[in-house]
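Consider the two complexes below, in which chain A is the common component and chain B and chain C are the respective partners.
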Partner chain A sequence: MVAKTRKKQEHTHPVFSRYNLRIHGGNMLFMLPALIIYIAVVLIPFFQGIPYSLTNWKSIISDKMIFVGLKNYTTLLTNKYFLDTFLNTFKFTAIYLLGANILGLFLAMILWRSSRFNNIVRTVMFMPFTVSLVGAAIVWSYVYTDIISSLFEVMSPLGCSSQVIGGMAVIAIWRDMGYCMLIYIAGLQSIPTEYYEAARVDGASSFQRIKHITLPLLIPAFTSNITLLLAWGLKVFDYPMAVARNMEAAKTTTMYVYDNIFGFSKAGLGQAAAIITTVVLLILTTAVSRMFRKLEVEA
Partner chain B sequence: MKNDSFNLNNSEMKELILKISKIVVVIIIMLVVLIPFYISFNYSIKDHTEITNNRLALPENPTIQNFITVISENEQFLIGYKNSILNTIPTVLLLMVITSMASYVLARYSAKFYQLMYLVFIAGILIPFQCIMLPLYLNIYNTGLISTNLGFIIARTGLQISISILVVTGFVKSVPRDMEEAASIDGCNRFQAFWKIVFPLMKPVNATQLVLNTLFVWNDYNTAVVLLRSPESRTLPLAQIIYFNENTSELNLAFAFFGMAMIPILILYLSMQKHVVSGIMAGAVKG
Partner chain C sequence: MKKLWALMLVGVMMTGILTGCSSDKTDEISTKTETETTTDAKSETKAETTTEPIAEDTDKEAVIQVFHYMTQETKRTGLEAVEAKFQEKYPNVTFENLFYNQGTDYFPQLSTALASGEQPEVIMGNPGLYPDLITEGYAMDLSDNEIVNSLNLSSGDLGDVSSDGKIFGFPIDFKTWGVFYNVKMFDELGLKVPTTQTELMEVCKKLEEAGRDPWIHAFADAVFGDIEMRNTVWTRALQNGDNDIFEQLMSGDKKVTDYTYIKEGLEVWQERMQWARDDAMSNNQDKSLELFVAGQGAMLYTGSWSVGDLVAKIGDGDFEFNFFVAPIDDSNSQKLNVQVDQAFMVNPHSEYSDMALKFMEFWITDGALIWSENTQLPLCTGVSSDNLLPLIKTIAEIKGSGTISHYGDFTKPFSSEFTTAWRQSLTSFAESCVSGGGMTPDECLVNMQALFDDIIATSY
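Right, the complex of A and B next:
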């Protein structure tokens, strides 16, 4: 009731009325601390970076830089070495995204009902998420050498170029599938049980129930998981830095950026690579989340 | 009639088998998930000879000597621990205060302006750190805050705001509005009403963001490797990589290091796991 009258008041007051100024001014004060830090740390540097990417700036300790236009971008987009890092990143992201989501969904379907046993299992499944990425990578390098290698008599995937991406993706799946599971459980719990009962009365098989009720109503959970993991996957940095620092086959785009800016003294080029990475990430994530939003509406 | 009851038994049987196979599958997955934890724990309580002779079995004489050695002989460990604590606690508290205030407004007002502000805040999730790394490094360098706790705290807070606001805003939408209205009628100004009424109501989500943010900041490698350039300013993840690379022959020590770096977070998570699990689930659906 109170809320309703408040809404009405908001509408009847002219834009610059005292009331509006007080309310919205107050709101700004509430947002201000977060906004200032966010602008200073994220937004300003984001825009500052663009001009750097148009220069031939080399070492970040020197002041020498000349405007070179889009040269860095054309260099990068025709550079096989840089494009390969993209390929590596995509490969990693694809395996990681599919693996973590499929396993997370599978676990959620088994564990979505709340019971004591299920709650304990959920707690355990989420535990890897608390380990640092660096720590996870290091420990897994020993899981590979000491357990997998001696058990199956194969080489550790982190030691051979053709498997290193897969090997790192497994670590990432291990760490993040519990997170996916939680989101899917939340989605499953929000589906009203009456839907299933009605379908059962109508004689729908369990496969039909999954196809026509569960999956469509889970789309918000898919949207959230897939967009987030896509972004995390494309930003991958810690795993290769920790266990495959010197392997060409494990070089991701974020590592390429880091190496160029802080290692090889090619700051301008590195910043251009960073911006290309960001643009690709923005395009892919918006495309994917748009696609799922569309499905959401249709379902 | 007979046939019917036989069928029923059959389907009951099926259900039972399904249930048991589910539990078996779950337990197998759980054991696989726990292998890395087993390895780290196991390696960290063995002495040097045992780890070379018999790696995987549980130790015959478990020892805590490794932990003592790391603490007493490795300076980097103590420096890393000190820095990680000094960086994480202020960052997490600062985030809790500023994002709960901002999320409160973002969740309560639905005018176009606030929707836009929400999107601006959330957009940070999509900007990779590498894209702002160089300018951020320069700005922090120019203010003299490179390799300091303060510089790291400010940067890490800013980088964490997006995900924090995503989690908290979803929650605030579910907090009843009437209470703060009542408080404002009682003569509290909005600021007082927020701290007295709304902030306490946000306890569950603040617990969630506390654990999640602690996790992200404590485990951060990416920001640390760029902003903390001097040995005295290194945090645990930085020290950990260096230590592992230097001590491939002293695995027991390396894993003791790793275990001790992880324990505070693990304890925090296990003691507050209810809030984490429910908080992530709540934020996911509404966010």
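Right, the complex of A and C next:
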């Protein structure tokens, strides 16, 4: 009703035209330091790792390796245990992504207006995000064993294969929902109040206002939160490492990579697993990000 | 004007980055920062000299970096005590102790350090467990070391620190495992130390009838499933002459079902787990000790490495514990399992390897009792003192008598990957027993073999 679909800007100038350089050159220069660091510590190591993934390199303290072609990749893609780690990772990501976003959005809806009380509650809700992942995991392992298990006489989810992923996801949700809340609050505060007033005049109900104004205009916040949490979820490592190291059901792809490269003297295989993981992560985050960008509307 | 400011700002930032990459001075600063950060993460502790130095043949300055995985506080204190004593002889030697958890990141951190050119002087670990260090030359060959050869160590002790017939480590102390029990609780209920599996089951039933939990478990730490199995597997394997069991399983020439006593071990363990508490899977070692000392369970299956921490947790409290080897059948055929616990390699590539060698020679001889008294760990050399707990002395005496199953008598230890697979399948079995999942020992063996087969299939 209020929002209109964003029209794609039509550029008639070539990418490196003087016009584009004049308009975007300054911005690009600001981005350059971060870009250089990103290239140096992410992109170059990633591409340097590809040749190793085509070898049977054993230990990282050894130089000996034999070229094995795509054998590491074919082995991994047909390996039950590696695929299981993907399944575990996806399960974790799904619960974490939904939980943190739903709770974050719910909190944002309650707390988005500024008041002293709301500001305090927001700070409290955001505080877990400042705790380290390992710290959060260890604290929660005690919450599970000493509080929840004692109160309800149940096993700690971290000691139960069928619940361990959920147990870890709860820790991650607790830690990151405050972050999601802040992004949603920023999104809610940027929606002009006139839209709601106009909708009210038109007789729109609360549900209709949320459906037709709030949610469409919050899409950029969804894009940010969902893409980021998707990436964080897919590369989860600290939680299982800290509190479920021995549970097969908690083994994620990054743990598989870590174990093979550093622990099991199968660095070539581990490198191939790392590359597969990165590619999957890249495809999924790009797809989700694009999907949400298409849904974005302009206020 | 605005644009000019923006460009100048970008220029400053770029200069900062580029100089950060090239300047020698900045390199120094960044290295220092990195060291400081790493030091924090690694819980570095530096031993300090508190006594007057004794004049010795050398005033050479050296920094000995000790890479270790001593999780227990008492061990770290013991290490510092040995270092301090050594510093009395060599006042210009300082120590840098780098601690990582063995179960999670010890070897990864060590190999990363070595791959990046760092060369720690002393590396903790049984050489057989870290074959890469041997093949890549990061452990000094000690086969001709006079001190090691003069100690008359048993073949098992030497086997535990050897690889392909050569000695690569200093074996300091040994560990064993079994049932630690609450003496007061046993006395109150008139229970006797069981010597057979049936007697042990009777003890459990009586404890249960008296409203006491018979067992505290700590299966969140994978080693606890492993040690509950070892008593049967090691004892039976060595009795049957299967000294190459681990080598055969790793090569794939034999399957776990070829060794019937692995299933037997699972069945014996399963019987004990009838009385597992709800927290059995989530307790780690530390938590299990707390629960045991708090009297929440009558027995705790753990290793001798826990004794120091157990004593520390008891403090001035009124708690008495003792130990027995868990029965594995009704024929009283259980034996004390023995494995070298603290073993250390000297890195020949390190800057101060000569001083590190002297330090290790000191530790295994003059420093050994300081270590043992601090940690309450029995020494491989058999040397003992009145400051050790009677329990530790008894364990040392049993080892001395030779009626033991020693890990060092196997031809090869499990590699870290096989150990992980072995422990993972045992943890799954424990979980099933604790939660009533119904996994049978046969199913556990199928899972275990599948994991082993996968390791073999991905080793090329």
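One rule holds in what follows: the second predicted complex is superposed on the first by the 256 of 299 C-alpha atoms of A that agree within 3 Å, B and C clash if a C-alpha of one lies under 4 Å from a C-alpha of the other, contacts with A are read in each partner's own complex, and residues count from 1 in each chain.
In this section, contacts are C-beta pairs under 8 Å (C-beta built on N, C-alpha and C of every residue); 3 or more make two chains touch, one makes a residue touch a chain.
Bear in mind the structure is a predicted one, so any value in this text is a computation, not a measurement.
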Is A:277 in contact with chain B, with chain C, with both, or with neither (first, second, both, neither)? first
Larger contact residue set on chain A - chain B or chain C: B
First, second, both or neither for A:258, with chain B first and chain C second: both
Between chain B (first) and chain C (second), which, if any, makes contact with A:37: first, second, both or neither? both
For A:209, using the defined touch cut-off, is the partner it touches chain B, chain C, both, or neither? Pick first, second, both or neither. neither
Quick check on the superposed pair: does A:91 touch chain B, chain C, both, or neither? Answer first, second, both or neither. neither
Going by the contact rule set out at the top, does A:143 touch chain B (first), chain C (second), both, or neither? first
Output check: A:130 vs chain B and chain C. Expected answer is one of first, second, both, neither. What do you get? first
Taking the stated contact definition, name every residue in chain A that is touched by chain B in one complex and by chain C in the other, in rising order. 26, 29-30, 33, 37, 60, 241, 258, 261-262
What part of chain A is in contact with chain C in the complex they form? 26, 29-30, 32-33, 36-37, 56, 58-62, 68, 71, 75, 79-81, 141, 144-145, 149, 153-156, 158-161, 241, 245-248, 258-259, 261-266, 269
Footprint of chain A on chain B - complex, ascending: 22-23, 25-26, 29-30, 33-37, 39-40, 43, 55-56, 97-99, 101-102, 104-106, 109, 113-114, 117, 120-121, 124-139, 154-155, 157-159, 161-162, 165, 177-178, 181-182, 190-191, 194, 215, 218-222, 225-226, 236-237, 240-241, 244, 251, 255, 258, 261-262, 265-266, 269-270, 273, 276-277, 280-282, 284-285, 287
Enumerate the contact residues on chain C facing chain A in the complex. 3, 6-7, 10, 13-14, 16-17, 103-105, 107-108, 111-112, 114-115, 132-133, 135-136, 138, 219-222, 278-283, 287, 415-417, 420, 423-424, 427-428, 431, 434-435, 451, 454-455, 457-460
Chain A residues touching chain B in their complex are 2-3, 6, 24, 26-27, 29-31, 33-35, 37-38, 40-46, 48-49, 52, 60, 107, 110-111, 117, 121-136, 138-140, 142-143, 146-147, 174, 178-179, 182-183, 185-187, 189-190, 220-221, 224, 228, 231, 234-235, 237-238, 241-242, 253-254, 257-258, 261-262, 267, 270-271, 274-275, 277-278, 281-282, 285
